[in-house]
Amino acid sequence: MESAILIIQCKDQKGIVAAVSQFLYFHNGNVEEVDQYIDNDTGDFFMRAKWELSTFAIKKDQIERIFAETVGTKFGMNFTLHFTEPKPKMAIMVSQHSHCLFDILSRYFSGQFQVEIPMVISNHEKLRSVVEAFDIPFYHFPITKDNKADQEEKQLKLMEEKGVDFVVLARYMQILSPRFIAQYPNKIINIHHSFLPAFVGAKPYHAAHKRGVKIIGATGHYVTEELDAGPIIEQDIARVKHHNTVEELVQIGQDVEKVVLSKAIKYHIAQKVMVMGNKTIIFN
Amino acid sequence: MESAILIIQCKDQKGIVAAVSQFLYFHNGNVEEVDQYIDNDTGDFFMRAKWELSTFAIKKDQIERIFAETVGTKFGMNFTLHFTEPKPKMAIMVSQHSHCLFDILSRYFSGQFQVEIPMVISNHEKLRSVVEAFDIPFYHFPITKDNKADQEEKQLKLMEEKGVDFVVLARYMQILSPRFIAQYPNKIINIHHSFLPAFVGAKPYHAAHKRGVKIIGATGHYVTEELDAGPIIEQDIARVKHHNTVEELVQIGQDVEKVVLSKAIKYHIAQKVMVMGNKTIIFN
Amino acid sequence: MESAILIIQCKDQKGIVAAVSQFLYFHNGNVEEVDQYIDNDTGDFFMRAKWELSTFAIKKDQIERIFAETVGTKFGMNFTLHFTEPKPKMAIMVSQHSHCLFDILSRYFSGQFQVEIPMVISNHEKLRSVVEAFDIPFYHFPITKDNKADQEEKQLKLMEEKGVDFVVLARYMQILSPRFIAQYPNKIINIHHSFLPAFVGAKPYHAAHKRGVKIIGATGHYVTEELDAGPIIEQDIARVKHHNTVEELVQIGQDVEKVVLSKAIKYHIAQKVMVMGNKTIIFN
Amino acid sequence: MESAILIIQCKDQKGIVAAVSQFLYFHNGNVEEVDQYIDNDTGDFFMRAKWELSTFAIKKDQIERIFAETVGTKFGMNFTLHFTEPKPKMAIMVSQHSHCLFDILSRYFSGQFQVEIPMVISNHEKLRSVVEAFDIPFYHFPITKDNKADQEEKQLKLMEEKGVDFVVLARYMQILSPRFIAQYPNKIINIHHSFLPAFVGAKPYHAAHKRGVKIIGATGHYVTEELDAGPIIEQDIARVKHHNTVEELVQIGQDVEKVVLSKAIKYHIAQKVMVMGNKTIIFN
């Protein structure tokens, strides 16, 4: 069944929840999920409501306008309206590590991700055959220092043509340019193989091994211009021991990476992630 | 600051959230926390709302009546109203194991539990000195087969005199009679040292060792007449290895028990636990 | 580099570790891993030693005989000798759930499993295309009440022809006959979607939902005649909440299942699992 | 029963394990625990062996000399010999946070820590009464900028008089001087309230809240001159959510802190921690 999802952000004021609840009730909305959060440090109010469209009294293409007129403007709301159909279009970018990609494809195959995947982009050919076994187009964009800017333009153009809504970096080993990032603000999800803010940058498992930590982790976050510093969506960890080599940390860590990335994707698809400054609110 | 907490249960109907939100907004309630849950299997609706009393337009002793008249009756609600002051009175029952008791006392000492502790009851003298170091009265009720019913009556009378609101069994090694349990329905919290429903009854660590499990656990639950079968409030686990003896399982498990029990107590104090049949809803 | 792995079981006696260490030292073995365990309840001794073959003074095909003559017989040891080459042959049996299968194939693809996969057997056609994308033969054996015994015979014959060393049930929804199990004692690894011994049998997520548990889990175990009662190799859990539907438990649980099964497989491949009665020793 | 524990470190060479095993076997040692580790990066060998003294052929006060003469010197070993009796003497230093202290006292009371506690030292009076309820001497050393060096001298003198073997900083909010640290190299255990190396220094929960992490943690480590940079003994984490305030992070984190610190203490008491550069080997 098709549903609508309303995402609201504004200054906290008395009566917001009552007004939104009244709006949905008055127009016969069957509410499936509703969450709100007030940030006491900033005084900001956040809300997410999901309701069934089939019984709703307002036509799909009128909801945004009527909500703005009757509720949104009054409270000075920034709000966005989403629908579960058509499914969002997710591009995947990957290099040679397969664990995150396969985990995503596995969930896509089983119907766990309500998403379309119009493309997997890679700077290597290695993973083509498996991707194509899932009937997903695979695009090879080899990257060198010299062609990087050009290739990014072509990637962006391809994404635009195919109507890509958001991008997943499934261990894509290239740093995206500020220009690329600016096209998809808070819509590029990266997996970093450490529990940030520890071990920013390259080779975090080597750094973890050198420091002698007893836990390693992974962080799913939105990409911003500053490396590994964007809003964190999800994190998890695994225990390691003194005898684990760097190679074993890599293997242990991959199990964490893939689950963390897939959870971040799931939250994003369901419009459950709201960005507040450099932090996220997860309505889960 | 003093707050009111409203706990609502009724059949799901359109407009409930709007009506409650309007009630709080209309009377100038500053909402701190609000959660709702619809059980799709049973069609039951559950809600918890917490708001500050200082700015609320209705006097404390009028809220219940006015809410019933304007909202509660209309929707056929079962509801209860609670206030954060005065603090609830919690009785602790304990035998000889000290880990759960000390963990509770430690949190009480540091102000983490918003509760009064008018008594610790034990069937042994062993833990008296530490309890009294926290300025909490310690009552010794030795239990034998012959005196058990009499002692329970005395315990119940003492609890009634002191106005006990709920009871915590911090590894109390006596099975309470149905008559005792009936005095505190869904108000006696027990810690069982297994992840229920595995290993019901006596000596769960021995049973876990014999079965060769790789994880052990603990379960905080409300006591009902059927042993270890009441509504589960909280559970957690710890990993164990083949070389761990039963004694080591006991030590490892105690760390889980005390944290699980204390979390269950914390949820109960904050009125965050609602019982639905033999299950709990935790508004956390 | 090729290594030898010696697995020893006998009654505990003084001098065993010294004798085995001397044997390896005397013949110039470069020991990579060595673990031992004494079960104090039964007085049984277990040991696993792994060493490099390249520098070892005894020829590969003489090690078993010479060890028996100089050490094994003296201590009344049951021992088995394994080599990391050739790689063991693993058969996978699967029905329609893809998450465990894809997780295994992903690890196989990335070289994490030192194993050959001569076949995936399924009672459905659904997963053929992905399996074949990994260049692994896919065999379809539809099962009905009437043909089950016959099909099992054909499966066993195929496994024998291909030299299968052990079998993984990656959510294979058929109960194997005692005759089948007897061909691969402690060599059939199953994933059960609960933390055993809780929720044995069919539909454990439904049972978990009904009981209102706060954690769900999965168990990797060797298959024995009694359903879900064989030696446990690995277990793990995930937290769930009151609002999670059965369908959500299934999704959350699948992430646990696939990681637990893959860990159990990894331990088995590396000869790190020893069975003692109905329990396992994991030398990890 | 009394046991001996031998801790060995040397360059890796063939025959070490065989030689030590032979030594113990030859002198009729009943081995309870034995672990070894070879660090492939440095070529260092580490071993820990624990055996019963009652049946051992060498007298307690001769073991060190005879082992050196027959094994230790030959392999160029650094080794230390320990006995489970008399119990080591542990000093606790604490400020005003009680959670770690009470957790330690609880384990001491129940016999989980095989240790004597000759003193709790604090720069505040707050926790005196509870400490004294456990019959442990409480010493108040108020600290100011001016008296710090003097007070440390008095603390060290007191520790020396009482024969303190190692020191636990149970949320002691003073930075120890290099001179103090030098008296107890790798014998001062601190709990830091973050998963190091993230959030070094003061107010890590505030920093974690500001960064918007989804997990917080705690680290038990040996104190070295560089703040929060010493060898890590144990770490663990807890999940947090966007709505958790700093105060809630503190409460959630305290449960992690106390368990991590107590585990680190337990490993240290059992001589299971070996320091290798700035990392630890945990023979657990």
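Each chain gets a letter, A, B, C and D, in the order it is written, and its residues are counted from 1.
Here, contacts are C-beta pairs under 8 Å (C-beta built on N, C-alpha and C of every residue); 3 or more make two chains touch, one makes a residue touch a chain.
Treat the numbers as computed from the prediction; the structure is a model and nothing was measured.
Trainee: Weigh B-D against A-B on C-beta contact pairs and write down the one with more.
Mentor: Ranking B-D and A-B by C-beta contacts puts B-D first.
Trainee: What chain lies farthest away from subunit D once each centre is taken as the mean of the Cα atoms?
Mentor: Farthest by centroid: A.
Trainee: Averaged over CA atoms, how far is the centre of subunit A from the centre of subunit B? Could you give it in whole Å?
Mentor: Centre-to-centre distance between subunit A and subunit B: 37 Å.
Trainee: Which positions in subunit D are in touch with at least two other chains?
Mentor: Where subunit D is concerned, no single residue meets two or more other chains.
Trainee: Going by the contact rule set out above, which residues of subunit C touch subunit A in the complex?
Mentor: It is residues 97-99, 102-103, 105-107, 109-110, 112, 129-130, 132-134, 251, 255, 259, 262 of subunit C that touch subunit A.
Trainee: Which residues, counting only subunit A, touch subunit D once they are in their complex?
Mentor: Interface residues on the subunit A side: 37, 40, 195-199, 211-215, 217, 231-237, 241-243, 245, 276, 278-282.
Trainee: Sort out for me which residues of subunit C touch subunit D in the complex.
Mentor: 14-15, 17-18, 21-22, 24-25, 28, 30-31, 34, 36
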